[in-house]
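What follows is chain A paired twice: with chain B in the first complex and chain C in the second.
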Partner chain A sequence: MNNSYLSILDILVTNERVPCRFLHDLPKMGFMDPSAAEDDLKAGATLDVPLWLAENFNSSCRIPLLTVDLPKIYKDAYREILNADACTVDMQKLGQHFYELGCYVAKHDIKGETFRQRFRMLMSASVSSDSIGSIQPLSASERKRAAAAAATERALSGWLQRGDCPLTTANMVANHRKRKRAEMEML
Partner chain B sequence: MFCEKVIELLKEAERNPETIDQYNDEKIRQVLEEMHSLYKMNLNDANASSDNRSLCATVQVRHTALERNKRCLLAYLYSRMNKIKTLRWEFGSVLPPDVRELLSDDEYQWFSKYSTNLASYMRSLGSDIGYSGIDLTENLKPPKSLYIEVLCMADHGKLELEDGDIITLKKNSRHFLPTSECQTLIRQGILKQIL
Partner chain C sequence: MDPYEIEFIGENRVVSIIPNFTYEKIYLICGEFGPFRAGLPMNVPLWLAVMLKQKQKCRMVPPDWMDIEVLENIKEEEKRSRFFTKMPNEHYMVEAKLILGNAPEDVPRASEIKTIIKDIWDIRMSKLRTSIDTLMKSGGNYGRLDHLTMMEINSVKPLLPEAMDELYRIEKMTQKTMPTSLNTSTFSQSGSSQNL
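This part shows the complex of A and B:
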């Protein structure tokens, strides 16, 4: 499901920008480079373009139009930091979709090792009571995992305490109510 | 840059994965406009008499943007469709007016059709074991007891039970009811189970 045509997550990941160098002139495309004054995009211009665009025109394609460079988080400098201590990196700032984007662009496998190091952090974030502080440095997918882990933990402890699961309001109904109440309060 | 509007649209949808938002007519119109203008520019350049090679690349770039826009719009509609399916299972076959107005006309039509399909499927179930249909939206959790105590969360009006008794559901009133009769109301948030 992750890479399917209709996956919103995949769309957001391929919307991340990667640094590229253009190999040919592109007439009428000057507006893509905010610093360029001309109408045409000149060959040799370096520019951050969304991955979906770069993917279709990079050097392995039929019409090579640009060469793709690695985003800085996958480069040597950051690789060393990630190897040394991955937990110090604030993924929220540096790579919201670190793992997913890595699957597209990074050749060296730093994702597995990074995740191995960050796993403890993820575990502690999911049981921590200070949810804002501990979740802050996590990437989008890590946050999703942490939330799922916390929900499971709550469900388990609820079940252990009572041994009983009460019937509850359906998820969407409850959320809809909450939103409506918030909107009413704003008026 | 291309496709920025449509990404805003998707981010909006992604921000509230648990609820459905107002169908964003205005943004979709803007995206379609962008697609139209991309198409027109491409048509112009493709028909241009001087066929230099670099213009061809421009056309390719625009075409990729067009396809990308299409993909994003479809993903938006698809994610809404999945949410509408959930609406049928959680709110029941009749949507409250404030939920109804979040859907576009076409989406509401789809909802009605889905609802009818689901209902006729559920009616067709169980005929071999002597039931005339099974309501699949009931008993999503295994029932623990035949009767449960419930607290009424909203003024709902009269409710006729299977044995013919009529009770009035007033806010903050407590009732002791057969589980099978109040499950749906609990899921709709009108009743709450007291332990």
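This part shows the complex of A and C:
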């Protein structure tokens, strides 16, 4: 998204692992695949590699060393789900940085449409009293937005209620032992 | 922005009061007000009016629009129209809250007025929410905020502009070509997964 070199978000996003297939034998690189028995990485091996590393593998050689596969969430099956109803997808599980990572890897774009559809969830998350339940399926950036919106909402309702709300006893005072005894004595 | 900051801005609006004391002109940063003559209506900023009211030095004169019939008309209009209607006052909510909160006895039928203003506010807020949702769904690139008051605009503030920003960024990134290092591999790969 924000392609500044020092952007923390960008660093986190490029640190997401993407499935890659190696096209050539790489000598002495077997350590990258924990299940490999040999020292060399064989052609055709598939590994989950951080995006920044995959990019560097390809840009540091004249020939591409690996092909980057699409992460599962950007594939056809999920694209259809997202097209049908983006709100049902749990981004927390499937793609913490769905929009940001998508800008790097996904060619056929549904991110804009997904964002539009899921915007309703942001709005309802900002006013919902069940904050944990409504925030659960949101991606990292969506959560940030929903939290900011909820803060505004709280400030506004606080302002609206100020003044004409009657003074109420604080919970702590109401539950205080002495208070209770006084009430019971009255009864 | 915090609602209290907007209240602060709204407090600069001039309202009229009837003081019950006599005093010469006072000179304030926002202008000069007075002289105060007991029993004669005069204009002061809202914050000063509230302060004097709290010291019981004046009676507030409700603004013209703070009237059951006027407000009923506004409410009907607001209900009928698909768009936002013009409010009598840029800070109607702040003014209503401060005047009705501090001087309910100076406004005839204060509690009814309070209910109507709250109704209008609620109608407008729900209209705002639905129109934002339609704006997002329909894929519009801009929203018109005609006749929205400052408090209402503020209520959607971090969410709507940021969402529009994000959408713009996503769409811009999509139009741009992919970085060259990933270009061939990603494209051929995702292309083939397309055909599966």
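Rule of thumb we're sticking to: the second predicted complex is superposed on the first by the 149 of 187 C-alpha atoms of A that agree within 3 Å, B and C clash if a C-alpha of one lies under 4 Å from a C-alpha of the other, contacts with A are read in each partner's own complex, and residues count from 1 in each chain.
Everything that follows uses one rule, which is that a contact is a pair of C-beta atoms (placed from the backbone, for glycine too) under 8 Å apart; a residue touches a chain by one contact, two chains touch by 3 or more.
Since this is a predicted model, take the numbers as computed values, not measurements.
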| item | value |
| --- | --- |
| Partner chain(s) touched by A:L26 [first = chain B, second = chain C, both, neither] | first |
| Partner chain in contact with A:S141 - chain B first, chain C second, else both or neither | second |
| Partner chain(s) touched by A:R116 [first = chain B, second = chain C, both, neither] | second |
| Touched chain A residues, chain B compared with chain C | C |
| Which of chain B and chain C A:S7 touches, first, second, both or neither | first |
| Set of chain A residues, in rising order, touched by both chain B and chain C | 56, 164 |
| Residues on chain B engaged by chain A in the complex (per definition of touch) | 1-3, 7, 10-11, 13-14, 16, 18-20, 41, 45, 54-55, 57-58, 60-61, 64-65, 68, 71-72, 74-76, 78-79, 83, 86-87, 89-91, 98-99, 141, 144, 148, 179, 183, 186-189, 192-193, 195 |
| Interfacial residue positions of chain A with respect to chain C in the complex | 1-2, 54-56, 58-59, 64, 66-70, 74-76, 99, 102-109, 111-112, 115-117, 119-120, 122-123, 126, 141, 145, 148-149, 151-153, 155-156, 158-160, 163-164 |
| Interface residues, chain A side, partner chain B - complex | 5-8, 11-12, 15, 24-29, 31-32, 50, 52-53, 56-57, 63, 65, 162, 164-177, 179-180 |
| Residues of chain C that touch chain A when the two form their complex | 2-4, 7, 97, 101, 129, 132-133, 136-137, 139, 151, 154-159, 162-163, 166-167, 169-171, 173-174, 178-182, 184-191, 193-194, 196 |
